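Below are two complexes that have chain A in common, paired first with chain B and then with chain C.
And now, the complex of A and B:
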């Protein structure tokens, strides 16, 4: 017998329990995956963080791991490094991403080629890219220093330099000196890598703006910078908001770029985050605490603290951002 | 008819059977221990021994060949070597297998404090138990193993020193030089650090190189210099660090001096290796295993020399490499199989064969008289350099569980002092204070 859509719907209406069951069944695959790979590990991680846990469970310590983190200078330093990194990366990616997208949305020759060029870094293997940039930044025989030497300019030690730019210029000391030159290099490479992605998302946002709005604004006398400021930027604000949230989460969770550029892969990853820990972002702190020092409970507690910070940060972004976002037709 | 049988079963039955089959497969693959199991195995079937290792490429091939020889000569066991990635991946996989309760029977345990961590977690059965057992080692056989390798595998177990792991692939810090360049400049192979400084300056003045040496800061070269100055990293009872004593300050001041005089520059990871091949430097310090990698990159462009590490007030160098461990969760038969393999691996014939093919070191002295080693020395006399160092080689204190947290502190102190951010004495003293706090727990 062939069931028509109408008769099947009629049967489901007669037996509402069946419809609900079908709904649950449709949800089940995703729910099972989420439960197995996200929700269960989350609760298990919370459980692990309450123990002194090396390779195996040792003793219940309650919140001691969290209390110890509060007094761990290395953890605070990793948070500070992460803060520098996020502040360096997120605004630059958004501004550059938008600028590139805006230029690429204009009618220019070779637009498709430019789009490809800007997006190319994003589809390159992060590890391969990290190794190439390591060579460019090589303090002794790298491309960048060869160029500087040719121009008779000083040759910094780039990824090997633990001092900040301010300190190198004899301003600022200690915590207030700002990020190390090595971290600035890592930040620059991250921006270079992700700008293409941001540009593509912005391009989609720009394309979604109806042309009539721009035309109407032009008829009303708007043009150039005014059009950009009063029409385009407000209308891509949902995209900016989305990218700000995603980029912040991504920057806090950054690992592969920092690991590759700063010496991961040697000594079980213990050397990553150098020089002198000035590029040791919080994910590297968690990684080395977990895999090199075998302090699983402590590393898990650190991961939960980062999770809480990220959650609070995202909630704050949502609260502030949503008020400033203009949705078309909303 | 089969098709009718299938179509006739109800949906519930079908789902029950399908989930049952899928679950069975999943449990079989995921939950069953990766080590030896198989209660259904026939009583006379060889006992499988799962052995995880980190030897890729040619090293993995040599290991597989030797495993085949072991299986042929020991029909009671079937050693199953399994490559699981580099040392970092191996550690990670062992950690995961511990969480899943499915460890292998035995594994290679890289440096970075892995054995100490496994021991502390109660995951290992100390090798001493087998060495003292009926299928153990005679006193003379144990004494034949190079002392540094024994020391490297000795841990405190219930307040007594015991062999916990077994030497597997071992190497030592040696000195590499550009033989062709030294010859053209009329220089001898440096025997002391003063010779290194003098030769470097001469090569730099001649415009042959940018610097004498490239070095990625690490604790091992510092430790070698510390031992050469008569110092120690840790106290005899491992309860406090001693690297900040006068011998350590002198060692660090010396490294800083090399850097300040531009005889040595700093590199990252293995960049020094490329610089040596490109003749931007003429000297380097690394393990004997680096020889084959440098040689491979050189393609015969110039003559690579290998010598024992230059001496300071005394001779000293540092041991590297990994060791083998046996897991406590393995069945007793599999543990016995793993021990049989380790013991066989260290016998003169096998260790000589491994060393000759892999460029790692033979584990015992009597192996030097074996044909594979004699052939190797005839073919490549440079290999003797590493062996000459073994009499005065020290292991890093990876057998102290806290060392894995102390080593980064020491590395930071070294970097700070060398680049001039802190005086050597202050940098070491600061690191020592933090290290002692870690040791006190």
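And now, the complex of A and C:
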């Protein structure tokens, strides 16, 4: 095996193409799979979206699918529902995740145990935990209403309640009265699921801040909330920014949680996206259009509209991020 | 003052942890209760009689052993595939030199921008055309490469001292030999995390198995559990027993390797 430097160099010179070819060969398996199942679908999907496409390709319709989407009230409602959902989920996940991480970063006892518990939802099945929650929320046999009955309080129908929280409290009505109580429940379970993930990413960001910075600030008389607001928050702003982008994308793509809680779950004869479509987020709209109604071309067009919105949103977040994020030593 | 602040922090963290952990406890205890006790209030956190037969009844009520086998085959296949393809690609990006390396790495990262809702329907059309519908190929191959895993392993490989590579090259060591004998043994923990995360992702996935399979024989645990929940209606104890069984393998794997998994996710920001 051991060769002298001279003869090794000679070998390398004799076969110059070998290392290069090896590079491509090692990349090939991953590259082929990514090209086939991540890149190709982008172009093929764009093609499919231009057709009336049921079980098979039927007729070229140009941009009609997109035009029809513009006039599809169900699609617009799905976008509105998704907007409520994103607004409900993202800030709460970030605030709660940061709070947990901040408290854990204070050299607290039992930190590993806390971290373990908070993170547990994230690695478990959304279907299983969705079923547990949908039973807890069940209007007749759920734990929550059992508790409320015990306390002689009114018992809402939770996941089956299409009326908005504002309407239930007797202000606002109609479409713009805000999210339905059912969607609020779905939002709460989503936050429950993801808070630990945010805490873990924040904890990584917080421990990366050099301790000297905090010590120097303390020597200068900063403390408590001042330290948190002036030093810690700006220093973790790259993490906040990253999490905001990731959480927004993740929330727009939510499927399993909504599907399980509203349809598959034990909510008592409900259909996914119900009640009255008030939890039908865009992913669910795409899924049912494709899978139940078999309007493949139309569903693909809807997916592309969502993709475009998501790209625009991410680009917007990037622009805001450029101005607001502080990088250490940057 | 100092003590009261710590106490307040513990109080906050404990109440948050209680909310986080409660559904798990509720699932566990309910899975052992009788149907009458399960919906009684005030509810007991410890079952009156421990009805282990709920688990046997759940297993008998639906072909769960088949679902478990399917999920095990799928998740193991995905984990093996992802680990292999990612290790090879990460090795190329970390050590080998070839024209277009930077551009190709950028192209890999750029695929992260393509969201699952875009790939879902075209991939369904493709697997149907390939006659993979209702087969394990459909469940495994489309999930067989992961850019985030390539990224994570590349970081791990870059941590291997460069002089080892230089020395091996001078000795005329072929790239494959260096990968097998040096890189893989030195990166065992990183490879394990990638495999475990891929396994968890495949095990917990609902959307793709729902779309790519239709027969009861090919159902994975998630699809099977969902179908089961629609059939058992109000037999909550059976449902909770089934849910516990579906959660148990992933929770077990997590408890065994929690530090590595948490750190792997904390640093790459993988979000399933």
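The working rule: the second predicted complex is superposed on the first by the 292 of 330 C-alpha atoms of A that agree within 3 Å, B and C clash if a C-alpha of one lies under 4 Å from a C-alpha of the other, contacts with A are read in each partner's own complex, and residues count from 1 in each chain.
As a convention for this text, a contact is a pair of C-beta atoms (placed from the backbone, for glycine too) under 8 Å apart; a residue touches a chain by one contact, two chains touch by 3 or more.
Keep in mind the model is a prediction, meaning the values are calculated, not measured.
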Touched partner set for A:141, first chain B, second chain C, both or neither: both
Chain B versus chain C as contact partner of A:60, first or second or both or neither: neither
First, second, both or neither for A:291, with chain B first and chain C second: both
Partner chain(s) touched by A:23 [first = chain B, second = chain C, both, neither]: second
Touched partner set for A:162, first chain B, second chain C, both or neither: first
Which of chain B and chain C A:76 touches, first, second, both or neither: neither
Partner touching more residues of chain A, whether chain B or chain C: C
Partner chain in contact with A:283 - chain B first, chain C second, else both or neither: second
Overlap of the chain B and chain C footprints on chain A, listed as residue numbers: 141, 265-266, 291, 296
Touching residues (chain side chain A, partner chain C) in the complex: 1-3, 5, 7-9, 11-12, 19-24, 26-27, 29-31, 33-34, 36-42, 44-45, 48, 96, 99-100, 103-104, 106, 108-109, 112, 114-129, 131-133, 135-136, 141, 143, 146-147, 149-150, 192, 194-197, 200-201, 203-204, 242-243, 246-247, 249-250, 253, 255-256, 259-260, 264-266, 282-283, 286-287, 290-291, 296, 299-300, 303-304, 306-307, 310-311
Of all residues in chain A, those that touch chain B in their complex: 54-56, 134, 138-141, 157, 159-160, 162-163, 263, 265-271, 274-277, 291-294, 296
Complex interface listing, chain B residues touching chain A: 86-88, 91-92, 95, 98, 110-113, 117-118, 120-123, 210, 214, 216, 218, 265-271, 275, 278, 280, 404-405, 407-408, 411-412, 415-416, 419, 421
Touch list for chain C against partner chain A, complex: 6, 9-10, 12-13, 16-17, 19-21, 23-24, 26-27, 39, 41-43, 81, 84-86, 88-89, 91-93, 96-99, 101, 104, 108, 111, 113-126, 141-142, 144-145, 147, 150, 169-173, 175-176, 200, 203-204, 206-207, 210-211, 221-222, 225-227, 229-230, 233-234, 236, 239-240, 243-244, 246-247, 250-251, 254-255, 258-259, 261-263, 265-267, 269, 271-272
